[in-house]
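What follows is chain A paired twice: with chain B in the first complex and chain C in the second.
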Partner chain A sequence: MEVFMKLLENFQYIQWQHVAMWVIGGILIYMAVAKEMEPTLLLPMGFGAILMNLPVAEVGTGVQAVINALFSIGIDYHELFPLLLFVGIGAMIDFGPLLSNPKMMIFGAAAQFGIFFTLFVASIFFPELKDAASIAIIGAADGPTAIYVAKMLGSNYIAPIMVAAYSYMALVPLVQPPVIRLCTTKKERLIKMKYEGKDVSRTTKILFPIVVTMIVAVFAPDAVALIGFLMFGNLLRECGVTNSLSDTAQNVLANLITIFLGITIAARMRAEEFLQIETLIIMGLGLVAFVVDTMGGVMIAKLMNLFLPEGKKLNPMIGAAGISAFPMSGRVVHKMGLEEDSSNFLLMHSISVNVSGQIASVIAGGLILALMGGK
Partner chain B sequence: MHNWIVNLGDSILRLFSERSANMGEALKIVGVGMLGIFVVMGAIILTVQLLNKLGSRK
Partner chain C sequence: MFLASPAVEGISKADALVAAILGYAVVFVGLILLMIVVIILGKSMVKAAKTKKEAPATVAPTVTDDATAPGSAGEVKLYDVPDRTAAMLMAIVAEKTGRPLNELRFKSIKEVKEV
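Now for the complex of A and B:
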């Protein structure tokens, strides 16, 4: 009988908060599997949330100790995982369309307005500005940047920030279209843009990652780690002599780090840390950041159209692709263009803007770190 | 009902006055941050255009 009771010992430690976290973990897994929304991240995060909230006789043993150790190595210690992931992301990106029309970078810059707007709004709800800034960076629509900035600022809310950042990245096809329709007229959505794909030399493609890293180092040194690793990955891709390294970075490295990152974030998804009213506020503010980012990009395109002649006007929808959710946002805008007019191919323009958003979001993160220094 | 609305309004006003310094700091970061992004991206745009010109000459 005693032996049998020993088997049931752990039931006494189950609390409603654990069950709530199992439900949250289950929702993340459902979003990943059934809806195929960012499955590579939401699945490990969801399962990790369940693992971290299983009742154990002693906290800090077994699986929870391992996840905590992964967190220490991969995130606490010099933000290793997000930086390594950026090598893989850089190797995946083709900056060619952007390099053939670099003015598209303006939309990437404008689409970061949501980050700063949300920082202002979050400063009302959170007494520590570092938390407001960490929450605002959700608007970067860039998981590694969000983790990096939140960790560097020492935010108390890294787990909800991560969950919000990756969840909203997965929800881009749901969040962006209504906002874009709200900010544009039918006539504007029907504007056709010709794509004049100029050839970009191999030298330019090789020099671009080096030059961008150096420019960012001068103006936003706090972003050098992020941009440096991103551009290193891109250089591996573009130099043409390290194809095996580029393939490894895009596939094995990216997947490996993604597995560890997803489950490691769960280290901060223990019920006592996660189940707070602030988590709901953070999810709400994250949505605000995404919405205002989208509006920022669209509005700058509409503003530019005031000065452009007929025939050269921009389809303002492409501005919405300036968030860093690559390539999803670019594809969403292209799809919306096709829905309005099946002969309107916006893909090359929207992807150009989308990749510029990747660079701009990293710069925004670096600027926030620089401006927050010591706050 | 009236008391509830008045209490809510008081709470909101108190929150704003407590956080006014925070909001001021945040506004400064907003202004400088947005300007900074455009400056950096502008520098990158100009550099890429220069690289394209040099690349096309060859």
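Now for the complex of A and C:
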């Protein structure tokens, strides 16, 4: 009997907060499996949330100690996991469409408006500027950048920021279309843009990651780690002599880091840290960031159209692809173009804008760090 | 507890507003600079390629072709296929395979004419 009671002793440690976190973990797993929303991250995060909230006599022992150790090594220690993931992302991105039409970079910058707007709004709710800035970076629509900035600034809300960032990235196909429709007229959405794909030499493609790293080092020195690893991955892809390394970075490395990153973030999903009213506010502010990002990109395109002659006008929808969520955002805009007119192909334009958003979001992250004085 | 802290008032919000305006402006300047650099880089590469072609001891044209990395629509060779049709075909392939266009490599698109 005593042995039996010993087996059940953990029951006494179950609290309603644990159950709430299991439900949250379950929702994340459901979103990943049933809705296929960012499954590679939401699934490990959901399961990690359950692991971190199992009833134990002593908090931080057993499996929780292992996850905490992963957090120490992978995130606490020089933000290793997000940076390594950036090598994989860099190897996946083809900057060719952007290099063939560099003017599209304007939209990458424009669509970062949500970050800076949210920074101001978040400062109303959160007393510490480091928290407001970390929440604002959800608008970068880029998980590794959000983790890196929040960690560097020492935010108290890393877990909710991560959950918001990845959830909204997964929800881009639902969040962006209504905002784009709200900001544009039918006539604007029907504008066709001619794609003049120019040849981009191999030398240009090789020089690009090197030059970008150097320019970012001047403008946003705090972003060098992020942009450096991103561009290192891209250099592996474009140099043409390290194809096996590029393949490894794109597949093995990116997948391996993703597995551990998701479950590691769960280290900060303990009930006492996560179940706060601030989590709901952060989710709300994250949505604001995504919406304003989208509006910023679209509005700049509309503004540019005022000065462009007929025949050269831009379809303002492509501005929305300037948020970094790559490649979802580019595809959303392309699909919307096809829905309006089945012969309107915006993919090459929207992908150009989308990759420029990737660079812009990293620069914005670095600037936030510089302005807030990250460690 | 947030909202109740005296630190919320005044300086934090003002700092946030300044940081927001300044940050957004610098992102724009940075990206515009990058755009200018890329345009200059692109033009100088085109110029260098032209000079190379004009030189008497030119290398066989196939070398120039090989020198461009595959992967984007701009490098697809089209045989009797209009740009618009090519774009349509590439978009369809991307859609059907469920992979982003930039991960697909199109080397050439050729119309197969019925005899």
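Basically, the second predicted complex is superposed on the first by the 373 of 375 C-alpha atoms of A that agree within 3 Å, B and C clash if a C-alpha of one lies under 4 Å from a C-alpha of the other, contacts with A are read in each partner's own complex, and residues count from 1 in each chain.
Quick note on the criterion: a residue touches a chain if its C-beta (ideal position, glycine included) is under 8 Å from a C-beta of that chain, and two chains touch if they have at least 3 such contacts.
Nothing here was measured: the structure is a model prediction, and the numbers come from that model.
Overlay on chain A: chain B and chain C clash in the combined arrangement. Within the superposed three-chain model, A:Arg331 lies in touch with chain C and out of touch with chain B [touch as defined at top]. In the superposition on chain A, contact is made by A:Asp94 with chain C only, not with chain B. A count of residues in chain A touched by chain B and by chain C gives the higher number to C.
Touch criterion not met for A:Gly286: it reaches neither chain B nor chain C. Within the superposed three-chain model, A:Glu278 lies in touch with chain C and out of touch with chain B [touch as defined at top].
In the superposition on chain A, A:Pro102 makes contact with both chain B and chain C.
When the two structures are aligned on the shared chain, A:Gly297 is found in touch with neither chain B nor chain C. Overlap of the chain B and chain C contact sets on chain A: residues 99-100, 102-103, 105-106, 108-109, 112-113, 115-117, 119-120, 122-124, 127, 129, 132-133, 198, 200-201, 203-204, 207-208, 211-212, 215-216, 219-220, 356, 359-360, 363-364, 367-368, 371-372. Contact residues on chain A toward chain B in their complex (touch as defined above): 99-100, 102-103, 105-106, 108-109, 112-113, 115-117, 119-120, 122-124, 127, 129, 132-133, 198, 200-201, 203-204, 207-208, 211-212, 215-216, 219-220, 356, 359-360, 363-364, 367-368, 371-372, 375. Of all residues in chain C, only 2-3, 5, 7-8, 12-13, 15-17, 19-24, 26-35, 37-39, 41-42, 45-46, 49, 67-69, 71-76, 83-84, 87-88, 90-91, 94, 100-103 touch chain A in the complex they form.
Taken together, the chain B residues at the contact with chain A in this complex read 15-16, 18-19, 22-23, 25-30, 32-34, 36-41, 43-45, 47-49, 51-52, 54-56, 58.
Touching chain C in their complex are the following residues of chain A: 92-94, 96-100, 102-103, 105-106, 108-110, 112-113, 115-117, 119-120, 122-129, 132-133, 195, 197-205, 207-208, 211-212, 215-216, 219-220, 238, 240, 278, 327, 330-331, 334, 338, 343, 345, 347-348, 351, 355-356, 359-360, 363-364, 367-368, 371-372.
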